[in-house]
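Can you keep this structure in mind? I'll have questions shortly.
Letters are used for the chains, namely A, B, C, D, E and F, taken in the order the chains are written, and counting of residues starts over at 1 for each.
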Amino acid sequence: MKTIVYPGTFDPLTNGHLEIIERASKIFDKVVVLVARREEKRTLFTLEERLEMVKTSLKNFKNVEVDVLDSLLIDYLKKHKIKLVLRGLRTYQDFEYEKAMFEINYELNSSIETIFLITRTFASISSTLVKEVAMNNGDVSKFVPEIVNKKIKDKIRKKV
Amino acid sequence: MKTIVYPGTFDPLTNGHLEIIERASKIFDKVVVLVARREEKRTLFTLEERLEMVKTSLKNFKNVEVDVLDSLLIDYLKKHKIKLVLRGLRTYQDFEYEKAMFEINYELNSSIETIFLITRTFASISSTLVKEVAMNNGDVSKFVPEIVNKKIKDKIRKKV
Amino acid sequence: MKTIVYPGTFDPLTNGHLEIIERASKIFDKVVVLVARREEKRTLFTLEERLEMVKTSLKNFKNVEVDVLDSLLIDYLKKHKIKLVLRGLRTYQDFEYEKAMFEINYELNSSIETIFLITRTFASISSTLVKEVAMNNGDVSKFVPEIVNKKIKDKIRKKV
Amino acid sequence: MKTIVYPGTFDPLTNGHLEIIERASKIFDKVVVLVARREEKRTLFTLEERLEMVKTSLKNFKNVEVDVLDSLLIDYLKKHKIKLVLRGLRTYQDFEYEKAMFEINYELNSSIETIFLITRTFASISSTLVKEVAMNNGDVSKFVPEIVNKKIKDKIRKKV
Amino acid sequence: MKTIVYPGTFDPLTNGHLEIIERASKIFDKVVVLVARREEKRTLFTLEERLEMVKTSLKNFKNVEVDVLDSLLIDYLKKHKIKLVLRGLRTYQDFEYEKAMFEINYELNSSIETIFLITRTFASISSTLVKEVAMNNGDVSKFVPEIVNKKIKDKIRKKV
Amino acid sequence: MKTIVYPGTFDPLTNGHLEIIERASKIFDKVVVLVARREEKRTLFTLEERLEMVKTSLKNFKNVEVDVLDSLLIDYLKKHKIKLVLRGLRTYQDFEYEKAMFEINYELNSSIETIFLITRTFASISSTLVKEVAMNNGDVSKFVPEIVNKKIKDKIRKKV
């Protein structure tokens, strides 16, 4: 059985992430969405909030699971005996960053394989841009799942 | 009458911005330079200082106006019934960022049109580099209007 | 009155070109689509065929005209007293090429201004890719106007 | 069973191609290397020569097969009921080209999925550079399988 | 005698930096590694720690010296009558940043010349990625000199 | 004594090439401009014409020599006991191509070192664009040395 992990911060999950997860779920037997912990002050949403939004949005995908990443990715993979990593490519800057991470991970553990999908819809949408639009009271409902759209409004209202 | 807005932080205005504004003022009937508010601690100059430098530097352009942007750009455009946005392209990173913003703005309001000019003189000059040079006591007089050159020296002297 | 020219080979016209022309026709008073002559053996379609396809596809645009370019672009502009050039930007390679052409044209005549629009739909479609797909019997109807779709099939049938 | 095709001209096969094929053979159940026909005068090696070099170099891979592509890729995939396409990414230019092909293939048939691997060893090696080096009497043995190294010397000796 | 300076933050020195310094030491008569001061809170290591690691790692290079940069680079060069600056190029983003810095330095002092070497081994390694891996308890020994590997572990243990 | 070679086709020499040669002549003891032979039908000017234009334009540089390259570059270097290669970087596409050539040359002979200068004036000018402008009767006198300007007019008049 081929299992692949999809690591990220998901602060918050966007429709771009969803597209990659859905496509991967048709290619591989199991997809594990790995939500990275990160320092609290560096994310808009807490780990728990990010996890809740991911789990709610993915509940209808039968072969998709959600887990927390709080170590180096290669240590998680070794512990869970997984060898495949999934990454989405939107832009040139993504490509450059992903190439660097891929080369470093390969040096650290040459049995890990990274697989890339090029994003299709809303290729330009990133979590950062979604937050920027939302903070200016823009409507992000086209770019994120329903629960994220609701949560991000609450979050920003509280902050202001 | 064709009116176009040129939004930015202008922290501070550079000769690169000036070049774009001058060229646009010959193509369109009116150019509105939109100075974005931003959180105070994230800019070197306050909104008032940035506005003053922009207004002083542009006082000889008859069809150029200056205004403050404190909402999402598309909301400003709707309110003022303007459909054209002007952006300068210096580098590949600019192109990538602008492409993303353009796609998002289009999703939010498909009647907005963004027009690009490629910068000519001092293509590499950005507000960030100007601040970096000035903070190391470098001479930025070639890269910014006179009032900015004067203000940036005062600003940095006070900070140190 | 602001007139802008849109130069290209249009071998053949694609929906990407059409999108740029349509958007420009809403911004400027007149758009002149300039079909470049080129050596016959270097294009799939003759100049006459390319012109016919462009004219037919654009017949409903009231402020769009079609003309032939058989000199250097800057000489055409000088002769017709036009100062604005329109170019579409799809990709990084486009950006690099356009930046070079823009700098050279500026050196040759500094009163010419080039304006860029970033393509939206089918950003990846180029005349080259359309020909590649068509030559392998692929269906290009989604990517080109109706008359191009019909002509390209005839053309390729004759060639084989 | 997950089958993936790896299309290309392989004029000639390089160690970069081999690396991609070997890595894919560990991820997917079957890899079909698809050698595209092309017009004879546009390749250095004939289709038969290219096929022979590919087959010889891959004979030890149990789940790798070789086939000829003489239609549009999406037609081959439909006929053979395959939905996965494999592509290697070396550079930014690759990324741009692959992004365009991916978008076009998706428009032509949305059930096809393209998967990318970033090349590791000799990331810069392309068939074109191999031919350039060989034609200048350079030693290409580090960059190509043994049979290609031998064939390319014969080929070039005959040409001169 | 040709002296060249190699400026950077070296927070910390990586094997990528070492490679560039070693190669430059074979081309030029003297290489001065210039460790930039920076604000303390913006670097992981203090200036003294960064200097110590650089000096220890370079002690066997006879024509390499180490110095502190606490002014604008062009002022250091003028004071020490040096005209050559060395920079490593790893990626496209590097190229863009270096192109900008080069143009600005040239405007500030046209007698300065910047020379670029493209990195070879571990092209993707940057000080930033080394810190990211180390902070997640990853093994960075392949990417940094021995003393950096030891120091970075101590540093991070104390921080946690 | 440090000798560096500057290989190219120089079809024809441009002011961009001249700038690189002049700057290198101040850094290195000797610069050898290496004019590559190429197949006659693939260049506008014959090898003899290209050599003449290079020699005439460089006659005032005391430490610059001109030679013909009719083998692989690394073989020329070995024969002449030279270890340094000079290349100009104008654009991203240059960077990508140069990175590939550098990696291949390094694999073929690891003692060769390639040094890059980023072009300053007329960064966009290439021999290809110069020919394109000249063939459309454009004035290329700003972009090439005097002898090239004269020769290219003769050449094109004869062709037409």
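Everything that follows uses one rule, which is that contacts are C-beta pairs under 8 Å (C-beta built on N, C-alpha and C of every residue); 3 or more make two chains touch, one makes a residue touch a chain.
What you see is a predicted model, and the numbers here were worked out from it, not measured in a lab.
Trainee: Moving step by step between touching chains, how few steps can get you from chain A to chain F?
Mentor: Counted as steps through touching chains, the separation is 2.
Trainee: Please identify each chain that touches chain D as well as chain F.
Mentor: For chain D paired with chain F, the chains in contact with each are C, in label order.
Trainee: From the centre of chain A, which chain's CA centre is farthest?
Mentor: Relative to chain A, the chain with the farthest C-alpha centre is F.
Trainee: By mean C-alpha position, what chain is farthest away from chain B?
Mentor: D
Trainee: For copies chain A and chain D, work out whether under half or over half of the interface numbers are shared, and give different or same accordingly.
Mentor: same
Trainee: In whole angstrom, how far does the Cα centroid of chain B sit from the Cα centroid of chain F?
Mentor: About 40 Å, centre to centre.
Trainee: With chain centres taken as the means of their Cα atoms, state the distance from chain B to chain E in Å.
Mentor: Chain B and chain E have C-alpha centres separated by 33 Å.
Trainee: Which positions in chain C touch two or more other chains at once?
Mentor: Chain C, residues with two or more chain partners: 92-93, 99, 103.
Trainee: Could you list each pair of chains that touch, in label order?
Mentor: Applying the touch criterion to every chain pair yields A-B, A-D, A-E, B-C, B-E, C-D, C-F, D-F, E-F.
Trainee: What residues on chain C touch chain D, complex-wise?
Mentor: Chain C reaches chain D through residues 91-93, 122-126, 129, 133, 136-139, 142-143.
Trainee: How about chain F: which of its residues touch chain D in the complex?
Mentor: The contact residues of chain F facing chain D are 71-72, 74-75, 92-93, 96, 99-101, 103-104, 107-108.
Trainee: Hey, which residues of chain F end up touching chain E in the complex?
Mentor: 2, 23, 26-27, 84, 89, 92, 95, 98-99, 102-103, 106, 113-118, 120
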